[in-house]
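The following blocks contain the structures, represented as structure tokens.
Each of the next two complexes has chain A plus one other chain: chain B in the first, chain C in the second.
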Partner chain A sequence: MLLSCIKNENRKLHHSVIWLACVFIPIIPAVMGTGNYQMNLEILHDGWYSLWTQFSLFYSLFFFPPMIGLYAAYLWRLEHFNHNWNTLMTMPVPEIDICLSKLFVLCKVAVITQIWMMILFFLCGKYIGLPGGIPIDMIFWSLRGTLAAFAIGSCQLFLSMVIRSFAIPIGIALGGGIVGMLLTAMNSSYGFFWPYALMFMGMNANKSANVLSGTMAAYLISNVFFFVLFLGIVLFILKKKDCK
Partner chain B sequence: MKKALYNEFYKGRHAYVWAIPLAFICITILWQIFCNQKLTSEQLAYGYTYLLYQFPIMNSLMMPLMIAVLASRLCDMEIKGDTIKQLYTLQSRKAFYDSKFFHEAFFLLLFVIGECAIICLCGTIYHYTDNLNMTAFGQFGAVTFVVGLVILMLQHFLSLRFTNQILPLIIGLAGSFLGLFAMFLPHTVSRWIIYSYFAEFQTAKMYWDANTREMWFTPLSFPYVKFVLLLILGVALFIISQKIFAKREV
Partner chain C sequence: MNTIIRTKGLCKSYHQKAAVKDLDLTVEQGSIYGFLGPNGAGKSTTMKMLLGLAKPSAGAIQIFGKTMNAKNRISILGNTGSLIESPSYYGHLTGEENLKLLASMKQVPEAQVEEVLSVVHLNGAKDKKATYYSFGMKQRLGLAGALLGNPSLLLLDEPTNGLDPAGIQEMRSLICTLPQRFGMTVLVSSHLLSEIDQMATHVGILDQGELLFQDSLSALHESSRPNLRIHTTNDKKASLIFKQMGFAPSYENQSLVLDSLSDARLFEVGKQLYAQEIGILRIAEDEASLEDIFLKLTGRSLS
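Right, the complex of A and B next:
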């Protein structure tokens, strides 16, 4: 049943504008981050590491959470239209399958976005003549960021389910990103308690040295906690609440 | 027109649209609480000037997406309810388009007033020792509102034009990105990016000496000609978008 649900969710994304966001948005930090790197070569000496700071800063700080919000809002939008909630809830499909299928598709799009971002990073690095390949550190940071994307995805899936407006959860994601930045600026350990802060902690945004050295376990626990927490809330609401 | 505008407010009375500018105002307050911790006497001496320098940068980041969310929230209710055809039998297309725009502009105005209030409050609470330059303060308020209006025109048109709200929001998100990055680009490039205009009209320029870790500001003359051109562009955009929308078959 879960596989059928995933197939259905994938079919809803066929010819969807969501791919435009997935492809187009990461190009902006790629082009502008590389341009900024080129203009500041006198202070940026660390090659791939310096380019990473320019790439990841705004991308993971402010824009990745709203992008995840956009994906989640799109996945629930169809259910909020017409009487689709009634149709969905009266189908002989367990709530957990509905929930997991949406989450699976959301995570899939997030992973594709991250892969595309890394391809752009490699291409931009090569274009400006950086030697060798992408250092393994950055691939690891990107994977860490993807884990955070799953936790944020779970949170956004919850918000987009309970808020019928398409736009509001996306605004909340931007706000969440900014609050996350302020929290981690106050004290880096505060970030573990705020899902939107996990992304740029994991991505090592604007830093060449690993910011999570020694706290990797806390980071992983935090990601799993938020992922399970919001998934649990979504499931609880689907099981207990009636359609409105 | 007055009646149409009243209707818009009536339709949105339970939509909690006011929560959008309020949420962003709360984020701005949080940002200021964070920035104003442990200020030195030197920092207090350029407190207001720094705020007038910092707020346009924050606006470049937050406002394009906030405006996209605002426009989408108010336009989407007609798209979801499929009410546009019905509304056209009750009011002119122009009145519908205009009243919805002014309704959105009202919330934008609330946000701008909120930001201005935060600047004044910060000065009072944290005891800034410099004087608030009222001309620069007025220019900041006017620029924030006018640039916001021009972006709102674009988002308003897109939100009504496309039944799928993902596209206007992608453009809003891209706008935030472009606005932020444009500040790092040469002026010849950034002047073509409307989303960067919050910072384009900054009233002060910051200088930073990395060796002494000193920061100082010099006032910038306000580009009145550019501001008037922006107003003209805004009006032209509004008329064109209104005409395109009015001609569209529903």
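Right, the complex of A and C next:
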């Protein structure tokens, strides 16, 4: 049943605007990051690593969490509109399959966004004449960041399910990222308690040395914790609350 | 006859205000149960509880002999079709794509999509995005979705709301055919008395969350006791004769109105009039409308 639900969620994305967002929005931080790198060449001497500091800063702080928020908002908006909740919840399908299928599709789009971001990173690096390919560190960091995308995705899925507005949860994601940055600036370990901070910790945003050396386990536990926590809340609400 | 839906003491309150009070609903197999009541009477809330969309504050629901709970929810829903509130659809998908989604959730072969499309006469528009459908088409698409999988039970909440007169007629005749054609039991709600009168075999009248009446449609009409209108060659004299016989006739619209009376009593009336050489020109039973019945049950008329 879960497979049919996932198939259905995928079908709902046919002719959908979510793909436009997925393709065009990452271009903005790519241009901003690369532009910033070009303007500060006198202090940035580290090639791909320096470009990553600029690229990942804009992307993982200001763009990726709101994008996940946008994907989640879109997925639930489909149900919020035209009384689709009534139909969805009267299907002979376990509630857990409904939330898992939404979350699966959300994670899928997030992974596609990450891959596209890495392609853009490579293209930008080549465009400004950096030698060779992307260092393996950055591939690893982007994979780590993808885990955080899943945790944030779970949280945004919860927010957009209970908040019918499209924009408010996206705003929360943007604010969440900024609050996360402030928290980690105060104390780097605070970030483990705030899902939005995990994103740029994982992505090693604005850093060229690994910020998670020695704390990788805490990072993983924190991601799994938030992922399961919000998924659990979503499931609880679907099971116990009245359909509005 | 099997009971398809049975509720016992079903209650639902929102913010300490009771929306449905102590409801004992009984819907028999193969019937079209008209769920009648003014807007806000609790019809939608009751239907949502039957489908598990709203959780009852108290009481129990049995559908197909199984208690509606987390354990039985899926098996009950698997055999139930529903159309609740306004029609639901994904606007960016075509009518056919919408139905295919539902078919896969209901684990029904996709070939059935064509069948239900033709039942609701939407084949011609199946490739059009649902957002461009007229309201009536959306409503029919909703019904098609409810029919997928040939469910034993169909719950339709105000299915003719917002339709034009032709659409209403079409929807009504479609609903009327469902029990014979597909062996379905239908629970259909409406705030329109005439509509229930035309479709239903059984009636439940709900007002302010309480069930005021529940029986077959004919029982409802019987209980409403039609008046008898008689117009004679000499109504004045006839009126005196009726009074002597113990009736209390009134005079309205050029005819005498009597409370309903048995065949034997009517025969007496005829004989007496004949004896006094009064001819009967017209005799008719005033069918009480459901409006009158509702007035009698609630002491107030429908808005």
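Miscellaneous remarks
Going forward, the second predicted complex is superposed on the first by the 244 of 244 C-alpha atoms of A that agree within 3 Å, B and C clash if a C-alpha of one lies under 4 Å from a C-alpha of the other, contacts with A are read in each partner's own complex, and residues count from 1 in each chain.
In the analysis below, a contact is a pair of C-beta atoms (placed from the backbone, for glycine too) under 8 Å apart; a residue touches a chain by one contact, two chains touch by 3 or more.
Since this is a predicted model, take the numbers as computed values, not measurements.
In the superposed pair of complexes, A:Leu20 makes contact with chain B only, with no contact to chain C. Within the superposed three-chain model, A:Phe58 lies in touch with chain B and out of touch with chain C [touch as defined at top]. When the two complexes are overlaid on their common chain A, residue A:Lys240 makes contact with chain C while staying clear of chain B. Looking at the shared chain after the overlay, A:Asn8 reaches chain C, while chain B stays out of its contact range.
Contact with chain B, but none with chain C, is seen for A:Gly175 once the two complexes are overlaid on the shared chain. Looking at the shared chain after the overlay, A:Phe81 reaches both chain B and chain C. The wider contact with chain A, measured as residues touched, comes from B rather than the other of chain B and chain C. Applying the stated contact rule after C-alpha superposition, one finds that A:Met91 touches chain C and leaves chain B untouched.
Chain A residues in contact with chain B (one complex) as well as with chain C (other complex) are 16, 81. Across the interface of their complex, chain A is touched by residues 20, 23-24, 27, 30-31, 34, 61-62, 65-66, 68-70, 72-73, 76, 80, 164-167, 169-170, 173-174, 176-178, 180-181, 184-185 of chain B.
Only residues 48, 51-55, 70, 74-75, 77-78, 80, 82, 84-93, 97, 100-102, 104-107, 145 of chain C touch chain A when the two sit together in their complex. Across the complex, chain C is touched by residues 1, 4-5, 7-8, 11-12, 14-16, 78, 81-87, 89-94, 239-243 of chain A. On the chain A side of its complex with chain B, the touching residues are 16-18, 20-21, 24-25, 28-29, 32-33, 35-36, 39, 58, 62-63, 66-67, 70, 73-74, 77, 80-81, 165-168, 170-172, 174-175, 178-179, 182, 185-186.
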